[in-house]
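Dumping the structure here so I can ask a few things about it.
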């Protein structure tokens, strides 16, 4: 009989949730009781079983859809991976903006295709340097409307560029970037003037940074810019904000998206529901059971899942399954003995069996990194001959002899000692709970041992790792011996990578995010700056500079490239098909910030609904 | 003849086996008689007392009969006994201090108890109050919780409750043991007054404190190791004890008040035998200074003199 | 009476102060600097961007102020119900996050506690009365109460969720729904609620049933029961008293178990990714969001104290002895 | 979340098993130990529980010797289901770790935590309970206050603060920590018991003979509730194991090292064992804990019946 009672209480309890959930849900959720569709849906299987049975006809006006309380499965794309924690800001200038704010809602002047190294005019009709390469003229695309109906103008663009002066935005466009002026000369033209332009960074800016409506952001352009969370904001993109909760966020299709007319591009999903990450278990469960279409988390064992016949696919049908997303490197603290010795660092590099990590730890979903550390998309900048002569690869014997040659004697315990005879014990730190890296560090320690290098794998809390990693000031060496890091993402220029490796002067404190190894080389830094100042069309110069930088890197080994982390992405084909793949549409199937404008947005125009409504 | 017990055997079931705590008791109590029941700890006196009113879970009725005012008591039948309990025979338990439900007001509890026995509380209440006065308690104890009473007060309250239905036989189990000397006296006198007022016809006062029995008992029954050793009038037991155990018990009697619990029986070396596997013959043999070969046989409990019963070959004469 | 509650309140306020202070230490006594970690998680920032972000967060969280000032600010804000800003939520008010999660947690916890307590006690009492029920309840009860909450949850999720697909495995409600007062949303909520509720209910049920069963047996053995029986009182009355008295320790038990129960709640929510305080806490721990942690703990502390106090009051109501004690009767 | 309490309210109530009525079972004067053994060997509950525990302890002790693979070693085949071949009896995890190795090593850690934490908590609880109950007065007041404070203190918060000072949390740390927060109910219960004993005349006697507080507590009071204290320890043992498991599962378990709680944590939050159907990964640890704790609780009842004649079933 207590069941009867429990049911009553259950209902009461649940009712209380409904009440709060409704009141707390932001966006345009309407309390209007929904008609038909989901009433027939079996309770248990939501969201799995689709309620497609009776879903609104496509192209039905959004106003009609805004009132639905059930998103028809066949027209809804479920994504996950970007959002850690509840969406908190929709301000496109905030690097923590929610999933899709830049890309789905706000758009950039250009798209950049990292796989083909091509810039596609987007909000800009065109962008051209004058002959002197000091003035850049942007033609703003006509017919683009903000979602409030007003037109996108050159003013908006000029204003957005000008906003980069606001220190809060954290851009060096107007300082080292070389911009001196940005004016709207007419309704559709913006002229940007430079002195010593940093061409590479500008090229990055035009596809990375979203254009915002002047009308709305003028008032916000203050030191408190980030306090403006801009929920339900006004954008130009293919989607409009619908609602967000602690566990998910919903975008609804913008029926008046400019590209539909201008470029015959039509985003397929009526709704995009982005789910806040929880555990791998939940993510994989949702993916396998069809509650999730596109997942951008690292899911261990995904190779087996792909083979397991769950209808889950990845970009490549087989290893490495994923497109490379960034390079995981072993960072030595070059201010500490014996890691201050290039010879030792080289030996260390030789002692690590990366293939072991690729196979045992990652089950082949990653691939071994090029000795230069450059992502495959930058392979054209790799001086292969030089790499093959200078680059090192795993070879225990060579590592040993290299150590001996450099004067490191083997002690009683079989481990090499410092030249002064003191013992060597290098602590390798990775954050606790980062299981794949924890497995990796054990394998690294194991294989280094074979060469007589004593590495002690540890995994303190993330905060401790960061605290040990960061320099308090430019002179005192940071605490760590070895860490693993993978901060450099896919992008348009190898400059980013070399800036990461050789950055001068050494940053200090919380903001440190370059040159963790504290490697100081004036020449290298000069070359990096030169590369930054090289026009993107001048491929030859870029190659030569890269080659020179590679020479330094391969000889001094300031960092040790290990493997390419994937642009983690696995998709379920039961509701949406025609996903990006090496055989089909070659775009990176990613929802992370910065990727939409690297052509990922096109994915939404390419996928096809399985159930034709 | 108020109570007649013949060859009553009650054992304790334990994981170790049966403990023959009461191994054949035959005696009787006359109307108006207050019988003291004494012996060392573990001699079975409490077992005897309890078995008359209620066999608890581990007590096993083995043999024997009990008749009270002519009706045989089905002491082996817990529910069958209910009709006799409280009305015909009642008890003042050893644990009188904790005998009342701590979470009920005393009056309420008494009422519920009486009603549950089909009595009319309202009708009885005046008498209840009269007796409360009699034992020197305030009438408003009925509105108090047990924890609000002192030990002595609780005991007196329990005495009132137990005797409320004027039972024919009252069993008072170790009621003085927890009390200080002066209160012991008071309690003892109260018992007697209960008999004199006719609240109870006859009484069994179980104690290991023989001294208290001087004051109140008409007769005394001495038990040893589950058997009856000797029964006689108080004066006889004190002045002409026949059983060697009784003699030692009496001779080693300390001044009033001190209890055996505190000091070992000085005179008697050794300790009582195991009742799991009691020895054959006289169970006191091992400790008896007068023991002789005849004691290998079990001595009968016989009347050697008017109302003077004893179980000892020395007393009955070897030829008996 | 006043004295009794006065003392209780004193205890509670001291506890609250101690606990809250410890709690306050969390974000500030971490190794390293939360802001640094936060920025470190932002891969691909330009160096200028990183500098700006650090500046922004430091202002936002007021880490630059002297520690003692931060302490008083904390209390000042706390008394205004302000639990600070979530570092990982990038300045989202902690209270907001908690309020979003709270209804889900309560919807699990309250029914689970009350029902398991009620059902457990009734079954336990029955078990103490009938041998055959005892033989059933005792082993089941022990198995249940010895089961780790999360494991029961995992097994339920695996069998009913993954294998049989009867109930959804995770979440508070389908992502395909908008929270509205509609029937399908309501049923969906229930569907998601059942399994986490069941795993909480069952484990607690076992504990209460065992406890009650043992208590009743003790009470039936107690002196006052024996006395009643010696006076021929019918079983009905004896049991009535025994159950009533056996219930009392169960109430104190509720207070003592509260910590364990809350723990069970947390892990259960984690298993089912149920969007309550537990999951919030779990994410806060994973992402080292110490301000959110701080807020959640404050919340748990307050919750525990309030619950304890309610138990105290309940106890005074049901157990006359405490009242007597307060009347200053001779105890 | 705060420390675990007894699942058995009796342990809170003053009745307990202190009053063994001698009159009832006039068992021949054996030594207490002998008597204990005597009944222990006849208590089905006790024997059953002991048997289970012995088996598991055996696993914990000899398991790692039989299967010497490092539980964190990722060299095995990934996600292989249990087979008869050596080293794969329980299958492998998603990383190819040997589940059996993890299980037996986890058992070790679990027993270790249970024992140490249980002992520590019992010790603190007794120290405080005895002093409070025996001394009474303001000492009692203060200790009571402390007890209540600890009782509602948010254990997790404290754990996070403390662990932030340590580079890594070990199993030992976890054990000590759990112990430090599991004692309040014990202190309460023992205080109550001591209260009842304090007034008994043999204590007065001891007092008169001018013995010190602790002498009296240790020589007079403690022996009188030795059986009760032992049962308290048993319950603490079980409670500590469950408590530790929860900590592991929230992600505050030992960094490095292996425990049954960690196995469950890894299998669910990292390994996606549910959705990959790797039941052999998450079933053993849960069963293990359930068996240990269940056995301990049953043993507790058994002991209760052994120590307390009133409850001995025939």
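Per-chain residue numbering starts at 1, and chain names A, B, C and D are given in the order in which the chains are listed.
Throughout what follows, a contact is a pair of C-beta atoms (placed from the backbone, for glycine too) under 8 Å apart; a residue touches a chain by one contact, two chains touch by 3 or more.
Keep in mind that this is a model prediction, so the values were computed, not measured.
The two chains most heavily joined by C-beta contacts are A-C.
Among the chains, the centre nearest to the mean of all shown protein C-alpha atoms is found for C. Taking each chain's centre as the average of its CA atoms, subunit A and subunit C sit 38 Å apart. Our note on geometry: subunit A versus subunit B, Cα centroid distance of 90 Å, whole angstroms. We define each chain's centre as the mean of its Cα atoms; on that basis subunit B and subunit C are separated by 54 Å.
Between the Cα centres of subunit C and subunit D there is a gap of 22 Å.
Touching of two or more other chains is recorded for residues 164, 251, 268-269, 274-275 of subunit D.
Each of residues 30-31, 162, 169, 222, 270, 286 in subunit C touches at least two other chains.
Multi-chain contact residues of subunit A (touching two or more other chains) are listed as 279, 285, 289, 433, 460-461, 463-464.
Subunit C contributes residues 11-12, 14-15, 18-19, 22-23, 25-26, 29-31, 142-143, 145-152, 154-155, 157-158, 161-162, 169, 207, 210-212, 214-215, 217-218, 221-222, 249-250, 252-253, 256-260, 262-264, 266-267, 270-271, 281-282, 285-286, 293-294, 297, 300-301, 304-305, 308 to its touches with subunit D in the complex. Chain contact summary for the complex, subunit B toward subunit C: residues 53-54, 56, 81-87, 90-91, 93, 95, 98-105, 112-113, 116-117, 144-145, 147-150, 158, 161-162. By the touch criterion given at the top, residues 222-224, 226-234, 236-237, 241, 244-245, 248, 319-321, 324, 329-331 of subunit C touch subunit B in their complex. Contacts from subunit A toward subunit D in the complex involve residues 279-281, 283-285, 288-289, 299-301, 304-305, 360-361, 363, 432-433, 435, 439, 442-443, 458-461, 463-464. On the subunit D side of its complex with subunit C, the touching residues are 1-10, 12-13, 15, 145, 148-149, 151-158, 160-161, 164-165, 184-185, 188, 238-239, 242-243, 245-246, 249-252, 261, 264, 267-269, 274-275, 277, 279, 282-283, 285-286, 289-294, 296-298, 301, 310-311.
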